[in-house]
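Note that subunit A is present in both complexes that follow, paired respectively with subunit B and with subunit C.
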Partner chain A sequence: MKEINANMAGTVLNVLVNKGEGVSPGQLVVVLESMKMEIPIESTVEGTVTDIKVGIGDFVNEGDTLVILT
Partner chain B sequence: MTAKLENRLNDMIDQIKAGGAPKYHEKNAAQNKMFVRERLERLFDEGEFSVEDALFANNEAGNLPADGVVTAMGKVGGQTVCVMANDSTVKAGSWGARTVEKIIRIQEIAQRLKVPMLYLVDSAGARITDQIDMFPNRRGAGRIFYNQVKMSGMVPQICLLFGPSAAGGAYIPAFCDVVIMVDQNASMYLGSPRMAEKVIGEKVSLEEMGGARMHCSVSGCGDILAQSEKEAIELARNYLSYFPANYKQKPIMKEPKPPVDGRALEEIVPENQNVPFDMYELISRIVDDGSFFEIKKLFAGEIITGLARIEGRTVGIVANQPKVKGGVLFVDSADKAARFITLCDAFSIPLIFLADVPGFMIGTKVERAGIIRHGAKLIAAMSDVTVPKLSVIVRKAYGAGLYAMAGPAFEPDCCIALPTAQIAVMGPEAAVNAVYSNKINEIEDPKERMLFVQQKQQEYKEHIDIYKLASEMIIDDIVAPSRLRETLHHRLRFLESKEMTFSERKHPVYPV
Partner chain C sequence: MRKILIANRGEIAGRIIRTCNEMGIESIAVYSDADSELPYVKQATKAFRIGEPPVMKSYLNVNKLLEIALKEKVDGIHPGYGFLSENSTFAKKVEESGIRFIGPSWQVIDAMGDKIQARKTMKNAGVPIVPGTVEPISDLEEACRVANEIGYPIMLKASSGGGGIGMVRCDDEPSLKKAFVSTQQRAKAYFGSDLMFIEKYIAGARHIEMQIFGDGQGNIVHLFERDCSIQRRNQKVIEESPSPFLNETIRNEMSEAAIKAARAVSYSNAGTVEFIVAEDGQFYFLEMNTRLQVEHPVTEMVTGLDLVRWQIEVASGKPLTLLQNEIAQKGHSMEFRLYAEDPATFLPSPGKLVTLHFPEMVGVRVDGGYEAGNQVSPFYDPMIAKIIVSDSNRKGCLLKAKAFFNDFQLTGIKCNSPLFEQILNDDDFQKGNYTTAFLTEKQLMKKS
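What follows is the complex of A and B.
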């Protein structure tokens, strides 16, 4: 199990993957909005999405889990 | 002199220069480590002479060649340097009394000659059996660190970490200007994993607790991660090429080179302030091709710090990276930039600030971590600079972000803007929300509300229009992106004779 975490506090602007989808390193998975900026969150690993922990509009803190991969 | 006497001398020299027992050389090779003398041969200019002192140190002990450290003067890129290099084949590079004395002496030479001092570290630390002779006294190990602090800013001090740097020894890298660490082999820690388990009950691997990658990406104790010893030595040679021998001299000019070909700056920088772009691409378009030498690449990526050349002249670049964390300033980014600014200022390297910054991060997490205290460090270091200081507003520069990036109040030699620049206390969205929040809430019709917000944002944008700021002389110039490199080059040339004292005092009370 691998987690993709928020690298800073902010609000979820968009989730770009679905459960069951395969992702590769460098792929954009979530976009946060923080400090009025779009913050792209990329996967650093390869895997399949097993769970999405956040929805659009949710507040996340630095380190919070966004997406879980296997 | 009889042949017998000469033979005895030569035999002894050969024996000492061979280092420790063959099994330790094999162990070294198995870890992809070079023998200390091979490292020095690679470090020094090929075919140039070098001079070594105290080769015979502790020769009476019989099994401690050179007492486990080589100290020498040599040439790097034509410039004289002083070096200490641990020999890990001699008692794991540990320190005895003469090891320490040798290191202190070569530091004293570097101070007298005012030349760079390099520390090639690969040492298990103190020989506990020798502690009274090497630890507490006036010329004990503590003096090495005392000297380092004294030399800091006088001459460049570079650490190449090839192996462990343990306990007290871990302070050698800590007091250097730059630490180059070899991945997998280099480590820094006060207490080993074995000690951590015994004393505090923690079970942890060396790599996780004090490995090179961890220090270069998490703790910030390492500056550059090298994949091999050969690469580390090449990096050190390259690093030195940007620096003068000491604080009294200026960096040497190199052959000018045009920047790398690629997209024009106009295409790289998006007009929409909230959309990220890659600042590395912008940097590559304004510096000489292949000249960008990044410091702390793996640490606090939201700010970029690196040495470079513009038309052959050394410059230091501090740039926000909108692609990482929106380019927002955090505790670590403030530390990273403050340290780099101090480095450049110490050695007469002009600083160029490339601003695209939404400000310092807000929220509980960073406030508890002391973001104000850390931000103050950056602003203090940037204020204090007496080298040429050029501020370029690439896009937004909001709030204290403008201050941190050498905004107009901090006496930059110029504050110039690209047409995409936007200087304000905060961006239009945040400002309209802050000023009109009650009014916005009172409007019930969503369409009407949206129109009101849009209109107020438009008014705000006009109020902070960059031509208006230029008219008020807040900024010195608006420059077409295609002319940025040229204008920086021209200004750097005029600023060559800049000389100033920042303030009258002993030293500031640092906001550390």
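What follows is the complex of A and C.
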């Protein structure tokens, strides 16, 4: 199991993957907004999405899990 | 006016409270749950909670703001900058509630907020505008045709954009094709309109703006320029006045153009006419900001005036107290925007300010929004404070600024003060030799 975490505190602006979807390294999975700036969160690994821990509008802290992959 | 509500937060709320105190006016502050500990909440005569941290639930909640304003029987509402400051619907509602909106009329805000209409108005008034479209563009095919006519590189911009959002430089047709739809979608999401326009990209240019002031009684003056060319992501980082680039001839021409622009819309209250100035000294109208600017202190330091006081007086119906020939630009002033961000990547760095120490120096003004122990929240812009350094000349400013940042201390989060030290040591910056591409081209923090 691999996790994609938030690299800073912010609000979830968009989730770009669905459960069961395969992702590759460098693929954009979530967009956060922090201090009026969009922060793209990319996957660093290859895997399949098993769980999405956040929804649009959610507030996340640095280190919070966004997406879980296998 | 005896009582003013400030529909804003942080440093600008504190700045407005200071002038209210000096004028014997009561100040009413509002705060979201994220800001309850900030200094401005304690500095105001009274403060009211307006909601949860997200802006839609707090600082953009028009009904809640008006409810507090009416309950407190305020005479005026100062919108600060950002948030509702350029929202004509808000300005109109404030006036319709029998409260003075401290800013221009809602009609002028509306007219200048539409960047395409603003370009048309200025062109008709004889103010030079950046070569480009005068009609809105709504699809890619038309955008490509127009861009080919103008010639690349071009700037693709949202008609309702602002604050550096909704604009992108395109160097050729493939990059325009790539950027068009996403920029349009962002404009729709942020500003509610997907109308776009195209301007010629002017290489090696500076961003220089003129401060103007009108009283709605026929008097309009300018308060000289601010050079705002040091930018990252199309957002300002350092501003100074006078501009090291302008000579007397160009300064006079730009002042005249700014006054002409203000007269074209019968401007009242504080406003800024932004120009892009090419290498050859040709200048073009970019847009008009219908509010107090973040960088207004630079103008206050070289003119010796209090712009917030002027705003309140004009909104109370008083005429301007000075004639153009009574306003002088003396000495030099430079503003540094201290941001909570990585100084090399410019990525946000929200979190707790563990220590925060501003050295006290003669000629250095700190307009701050936070103190040690405060959280810099991810919900709002990253500005921690503005450091305004003034001296009789530019060289004196540079030396003073260096001494300031040498003793400055901030821990807990990242901030851009190391970048300021690099800029101050840069040979070109010291000579005043810089354009809007300065930070992108120099890559100062990445070298060291």
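What we mean here is this: the second predicted complex is superposed on the first by the 70 of 70 C-alpha atoms of A that agree within 3 Å, B and C clash if a C-alpha of one lies under 4 Å from a C-alpha of the other, contacts with A are read in each partner's own complex, and residues count from 1 in each chain.
Operating definition for what follows: a contact is a pair of C-beta atoms (placed from the backbone, for glycine too) under 8 Å apart; a residue touches a chain by one contact, two chains touch by 3 or more.
The structure presented is a predicted model; accordingly, all values stated were derived computationally and were not measured.
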| item | value |
| --- | --- |
| Subunit C versus subunit B on the shared subunit A, clash or fit after superposition | clash |
| Partner chain in contact with A:65 - subunit B first, subunit C second, else both or neither | neither |
| Which superposed partner A:36 touches (first subunit B, second subunit C, both, neither) | both |
| Touching partner for A:5 - first (subunit B), second (subunit C), both, neither | neither |
| First (subunit B), second (subunit C), both or neither touched by A:27 | neither |
| Set intersection of subunit A contacts, subunit C complex versus subunit B complex | 8-9, 34-37, 39, 62 |
| Of all residues in subunit B, those that touch subunit A in their complex | 274-276, 322-328, 330, 358-359, 361-363, 365, 427, 429-430 |
| In the complex, subunit C residues that touch subunit A | 53-54, 163, 165, 233, 340-341, 347-351, 378-382 |
| Interface residues, subunit A side, partner subunit B - complex | 7-9, 34-40, 61-62 |
| Touching residues (chain side subunit A, partner subunit C) in the complex | 8-11, 33-37, 39, 59, 62 |
